[in-house]
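Note that chain A is present in both complexes that follow, paired respectively with chain B and with chain C.
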Partner chain A sequence: MTTNQDDQTQKIGEALANQSARTVTVLSSLLAIEDAIGYIPPRAIEQVAAYTDSTINDVWGVASFYTNFRFTPPGEHTVEVCWGPTCHLLGAQEILQAALQALGLSEEGDTPDGKISLKYNTCLGACSQGPVISVDHKIIGPQALGGLKGDAMVQRIIEIISQLKTGASNA
Partner chain B sequence: MPDFEELSQESQRRFQELEAGDKPWIRVGTAVCGEAAGAFQVIEALNAELDKRGIAANVSAVGCLGLCYAETLVDILKPGKPRIFYKNVTPEMVPGLVESYLVGDDPRQDLALASFGDGSLEGIPRLEDLPMWSRQVRIALRNCGHIDPLDIYQYIAQGGYAALNKAVTQMEPADVIKEMQDSGLRGRGGAAFPTGTKWSFLARSPGPLKYILCNCEEGDPGAYNDKGILESDPHSLIEGAILAGYATSASNGVVFIRHGHEGPIHRTMRAIEQAYELGLLGDNILGSAFSFHMEVSLTGDSYVAGEETALMESIEGKRAMPRARPPFPAAYGVWGIPSNINNIKSLSYVSEIISRGGEWFAGIGTEGSKGTAILCLSGNIALPGMIEVPMGITLREVIEDVVGGVPGGRKVKFLQTGGPLGGVLPADQMDIELDFGVMSQAGAILGSGGIIVADDRACAVNMTRLLVAFCQYESCGKCFPCRLGMTNLIEILERIARFESRPQDMELMRTIGQNMAAGSLCGHGQLGWNPVQSALRSFPGDFAAHMEEKRCPTGQCLAPVFTPQRTRSRWTSAQPLELRF
Partner chain C sequence: MVSAITLAIDGQEIVTQAGKTILQAAMEAGLYIPYLCYYPGMKPFGACRMCVVEVENGRGTPASCTTPVADGMVVSTNTPQLQDLRKGITELVISEHPHGCLTCHRTDIHGANLCGPEDICLRHVSVTDRCVACPKNERCELKDTTIFVGTGLTTPLTYKYRNLPVLTQDPFYDLDYNLCIVCGRCVRACEELRGDSAITFTDRSGISLVGPAHGTSLLESGSEFCGSCIDVCPVGALVESDYKWEKAVENVSTTCPHCPVGCQLKLDVNQRGKVIRAIPELEADANHGQACFKGKFGLDFINSRNRLTTPLVRRNGSLEEASWEEALSLVAEKLSGYRGDQFAAIGSYRGTNEENYLLQKFARVVMGTNNVDHSSNIKPEMLEPLGEALGYQAATNPIWDLEDAKCILTIGTNTSEEHNVAAVPVKRAVKKGAKLIVIDSREVELTRYATTWIRPKPGTDAMLLGGMLRVIVDEVLEDEDFLKDRCENLDALKHSLWRFDINKIEDITGVSQDDIRLAARTFAENSPAAILYALDTVPQSQRVDCVNALVDLALITGNVGKPNAGLYPLRPGTNDQGSWDVGCVPNLLPGYQAIDDVSARAAMQQVWGVDLPSGRGVGINDVFQSVSAGNVKAMLVVGDSPSFSNGDLGDIIETAQSLEFLVVQDTFLTGLAQVADVVLPSVTFAEKEGTFTNLERRVQPLRKVLDIQRTESRPDWWIICEIAKAMNGQGFDYHCPAQILDEISSLIPFYAGITYQRLLSKKGLLVPLLMPNFPLPSQLHPSTGGQNAGIQWPCTTPEDEGNSVLYAEGFPSGKARFIPLEMGEAPTMTTADFPFLFLPGRVLHQSQQEMEIVVAGQKNHIQRDELLKLHPLDAADMGINEEDWVEVISHSERIRAKARLTEEAFRGTVSATFLFGDLMTRLESSEDPDPMSRVPRLPLTPVRLAKLEA
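Take a look at the complex of A and B:
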């Protein structure tokens, strides 16, 4: 247990020291940690506070403000579904409904087996390709699914999500 | 001492080698639209096939040509032939295409979208003749889709950095500002403030430390043109920012991008490194006395971070909440240093304006809105994409002529312009011109250039509910009229959509809207009532059907809507923090 915690402390320390931002801030530090380990554990808050000479309050304030930060380990895979107006008009709600059902969730969150984190995304930025989803930060639109539309497209997306859920992890 | 003449010749030589060499040059569109369509898998398949057959070719990952509907777009230039654009290429199509056109000489008319450059090919239309291309005037998007964004020499070969060289060797900073004022360019981020005038404020602020902030937060759903420019042609932004720095005697530039958008982030960071390597950034740029430094700053997910004062808070690493003004950024900006915030699109025009003169730019567009509009069109249209058209063209021309109208024989019901706060514009107002003044008179905003087209299957109540859900989710929470008002508005709209509205709800919404407009620091709250107001004005029938007849005319409101709401309190689910002092 202790070694795991030491490991994490060290990983966080490395992420802080190696961040790409030229100007180091509380936010740049938090983003670096999230990139490195996928979430912000409580000890990271303390480490960022120490590293940036801020208070724990300041760091919590920033971390709880930006909606990308999460405070528990994410699932093995992250699936984001865009619900912006373009994707909405092109069928995002059907995808969301089917995805929630396939994963046994009632709203965005993690499956109990820790396999998948489902997130609503306000705009993935690929509006011309809508409706889009992102699987482990790779954006996928209908064109990449063989130009499928309507129910067939939703079906294909659910297949992809189900494969993630049952398939071997990409360790 | 870097000599620009030499640099320019070297760039020309390298570009000639690509364009007129003996190897085919294959360009694949890999902006976010291409990525979503599977461009990286296409490149993988292409490289594998070329290897297998032992064909020597240059393969470049370029940005977005703007014909996003045709992604993945593969552009093949064979020696002595015009470029051919192949549309909707999939990895499975690659072997056949290589076999036919690279091994053989069959240009595969059936897969081609258009040809471009000298000469023509039978059965393939010229790009200039496509309606989506012929109406465009490409200034800011001049290089997008044509050059490799990771290769600075290609940008220089297209005339890049010549404006910077001209400015630092032949022009005084005041001349640059004069040229910008003559051009009549107004900021393309939404506020439409004259760029030259804005720069003159910063020029008068005391130095030596001053900041040029380049805003690519771009949280508006429906708009991806800022990210598109950074992914396709980051040097046009960097050159514009350096010129802004020269004109205002600024010392530093920051490009502000939302984290997670790897394409624009990676390409901008690399472009900045390259500019440093060639002496176009750093101390004594091109041997002059002028020095300018640039970096990229990433923000977390927050829509309000795109507001100019919230942006500065975010760069400082704090919560992206707007500041009260005055003091204005030109006096007290990021880190308390005088700053000037520009949209990516505005800065991408600058080098062309300096090269060709302000008067040339002012000759395009309308009296009140000079130049071009960079639009992203998406939704229920035939040809979604990113285009640049002269100001003064009507919305109807854009929708019906340029991007092919609504497919399936349906009609436009409304346009959603300028981001969620812009609300909806009904189809009967599509004859208005693209012009900042005309559009605001019609109750719409051009904003950042996103236009989402909804056909007659869309319900105005459903869309309004979605837009307000976005605004509620993204309220930063600083001003309570916005924080609580948005929450109340979404509750009422959800009641209306469930046919459970109360008679007093309409009046209640108006009161909340007025209070939000009066009591909020930034545009998010001030304009937060706009989506509801515009829908009420244009589609009173849709609201009456839901509120009085308890039915949804399109049936859209009968389906569930999943939107994240009131989720700012997620942190309460975190493990309790062990406090140590």
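Take a look at the complex of A and C:
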């Protein structure tokens, strides 16, 4: 039991030590941890406080300010649906509604089985390929799906998401 | 020299200094600008925009709390445009703040509530947001400000209620974030005023609030429960949970009875004569608006139902109620049979100067004995070397001088718990970059702030200090000018230092040479440097050596007689300084005249009109041995004392039972009172007048906050006088403590200019001097100082303002005298039955150890496994492995903890660090009427270990 915790402590420690940011700050430290383990567990707040010579309350103030930090473990897979202006015009809403329905969610969040975390994203930076989603940080859209468009594309995306849910490897 | 600046505010020409903000300049000139997030003493923040002004030729409407003054500035604070702006701002602020109190027609123009007790609320507000449900009703800054700026609430009750749960699980605090306006005063108070960080801003935008990390409990966030955030909260979001909804009908400023910092507190009294709240005085020189958990939440003993109401006399083996006449005549009759050294008097831990003066006068004049002491005087060695080397047995500098010290050395003191407010300037100094050297084998809160934390083997502190002195001499780090002009006997000291070989010291103390050198250099090279010491961890045989070394250390580095430096002995009792000053000790007459000094005794005999006993009497440390030996047969004990119950003096209750006659004056029927022959009920500090002298020599008044009600108890000074008069003692006809202080002032040269009237004439804070029409009763008005200042002795004439820094103009005997050091031996602090020495620690927050907050009985509690650190070799001897459960057994306590083996631990010692939050939950639920006077300390204790089977 303790080994899991020690493991995490170590991972956080490594993430803190190996930051690439030029100036190490509370924020850069939190980002490094989120990148490494996907969320900010309570122990990470403590570790960042010790590492940056600040207090847990200061770190918490920063961490809770930014909505991109999450404090519970993410699902096994992360699906982000872009709803930036371009994707929106190109049909992001259909993808979003279909994805929510496929996952049994009413808004962004985690599926009850902990398999998938669905997030809205204001721009994935791939406007030319829109509408896009990202699955575990990999962009999927018409281009990645061999030129599929419209309902066919939405259907393919839902298939991909559903495969994640059943545990089959993604496309 | 700060340059003067002239500006015009609303047509009035104001001269002020550069660096001030417009708001400050205006307030000082008697012009009010509405504000909410500003608070006197804090840095500019500019969050609420309530204090907006217009500056001629300037852009927009800057916040006056963040705009610095400039020469020739022309400022308007109240144009129609600004009035509109402010109305808009208040509307925004109250759009999420329940404000039925502002829109009800049953409030008068000042916002006072006109509802009668039987009236039904006409606003149809939900019960939770009615005005009577707000704990700050009628003392709310937001409400007052809204009325002041004239916001016409044309659309009443359109606020959005956030529906957040009211948090009442933490000890002493109630948090209702539905009322929070996120002005951030509390977060800034914690950080800027206290040097802590227990709360922060959480989340952002519309849902942003304040609170502890993870949003759970103050118990785990590092709160020291000082109540500073409550004091600054302008609304009802943060309040004391006790007497939450009670309204004050009166408030009186007085001195806190809990420790020798002597915080000035404003006590709120309700219409039933109960003290409901304590608010530290913002401008008091002793505490600068700060208090601690004891002063803030530990005064309810005044209101206790368990107080003694009549004198008690033992009849047929049990204590029964009696009249004052009966009790006093019995005491007089019995004590008459024990004149001379068969009698001893022990003064109170909280006795005023007047009472302790009278007690020693009673013992010496009426009883003819020098057996007199005060119950907190268990470490007299802390002071004596100061008198010997420097002149006065007192701290050299004021408490708040510490804030600007460049280096602070603390030794054996848990300042943040036992003299909490004195730790505030220390933390603030560290934030400003001062070096903090903590010498303590225990882990206490200040160790978390330390630049260097040195843990010597227990009992070797004096050798360590000798080693530091040796390094200073070897490396020529002395302050040569100071030594040449103002000190003598340096050669003797240097000569004595040759024994302090650094290799040997390293061996004895277990502190590496590098650390010793580092500490010595840090202390010598960062001037001014101050020393705080309580010697909690220093065994009795080492204390004199230790203080000698500290005095030498301060002198050799030139840190005496100048601001922000000096020595601070931190004694336990509230009025220890005053008790010494007035001679309530077995070896001194008032004014530090030695009892064996024939001429001093003769002078005193002249005044008191009787022959005085010679020869040192027995004091608190030896009186109970004398009782056991049958030498002392009768005693008068004033007040309860932690020393009676914390084990420092052994089991004194049992010893006291062997007395032939015991009189106890106390407020409660304490352990000692229960075995007394006569118990005389005395009032609390809040019901009497008198003076306390705090640890920085500041004589401060006790004001009468309450009349004596529902009880026949009397002030201790009155009781002592009555006993003395009943025994035909001459010179005990006093009608008030002021008269007694006059006598003290006439006897003690350094009190000569101090009178009670002088102390009282410095009025309390909420009497605005410059602003007779100060509009908002709930807002603090910063005055120009000189309030609740007290007087720091020496004060020799009625015009003398007192002296904050001793020896600034020289030493009383010309030069300070170095004390040569002796290389003592570390004493054995363990016994055969208890072979390990337990080093307990307590801190606010410990990140290395997992913990959990659980709710039990609607209150938060900390749940975690305690860790016991011990040396692997010791563990191997005992067959203890890492993570094994171990029981630590002392003569009075048992603690269970998990073993953690570490080479850092000294052999023969074990240590564990507990959490302050845990202590808070225990204090809050304590059944003791006055638990804050018994906060468990952290003594080094001999223990044995027992391995527990899983």
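The rule we apply is simple: the second predicted complex is superposed on the first by the 167 of 171 C-alpha atoms of A that agree within 3 Å, B and C clash if a C-alpha of one lies under 4 Å from a C-alpha of the other, contacts with A are read in each partner's own complex, and residues count from 1 in each chain.
Throughout what follows, contacts are C-beta pairs under 8 Å (C-beta built on N, C-alpha and C of every residue); 3 or more make two chains touch, one makes a residue touch a chain.
Not measured: the values here are computed from a predicted model.
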Which of chain B and chain C A:A21 touches, first, second, both or neither: first
Partner chain(s) touched by A:Q163 [first = chain B, second = chain C, both, neither]: neither
Contacts of A:G146 with chain B and chain C, given as first, second, both or neither: first
Greater chain A contact set [chain C / chain B]: B
Which superposed partner A:Q155 touches (first chain B, second chain C, both, neither): neither
Touching partner for A:G125 - first (chain B), second (chain C), both, neither: first
Partner chain in contact with A:L30 - chain B first, chain C second, else both or neither: first
Touched partner set for A:Q10, first chain B, second chain C, both or neither: neither
Touching partner for A:Q101 - first (chain B), second (chain C), both, neither: neither
Touching partner for A:G61 - first (chain B), second (chain C), both, neither: both
Residues of chain A contacting chain B in one complex and chain C in the other: 42, 45-46, 56, 58, 60-61, 64-67
Of all residues in chain A, those that touch chain C in their complex: 5, 42, 45-47, 49-50, 54-61, 64-67
Chain A partner contacts - residues on chain B that touch it in the complex: 32-33, 35-38, 41, 68-69, 71-72, 88, 90, 218-224, 227, 259-262, 269, 295-303, 314-320, 376-380, 384-386, 416, 420, 450, 452, 454, 458, 463, 466-467, 470, 473-474, 476, 559-564, 567-568, 570-571, 573-575, 577-580
Interfacial residue positions of chain A with respect to chain B in the complex: 20-23, 25-31, 42, 45-46, 52, 56, 58, 60-72, 82-90, 93-94, 96-97, 100, 107-108, 120, 122-130, 132, 137-141, 143-144, 146-147
Touch list for chain C against partner chain A, complex: 197-204, 212-215, 221-222, 845, 847, 850
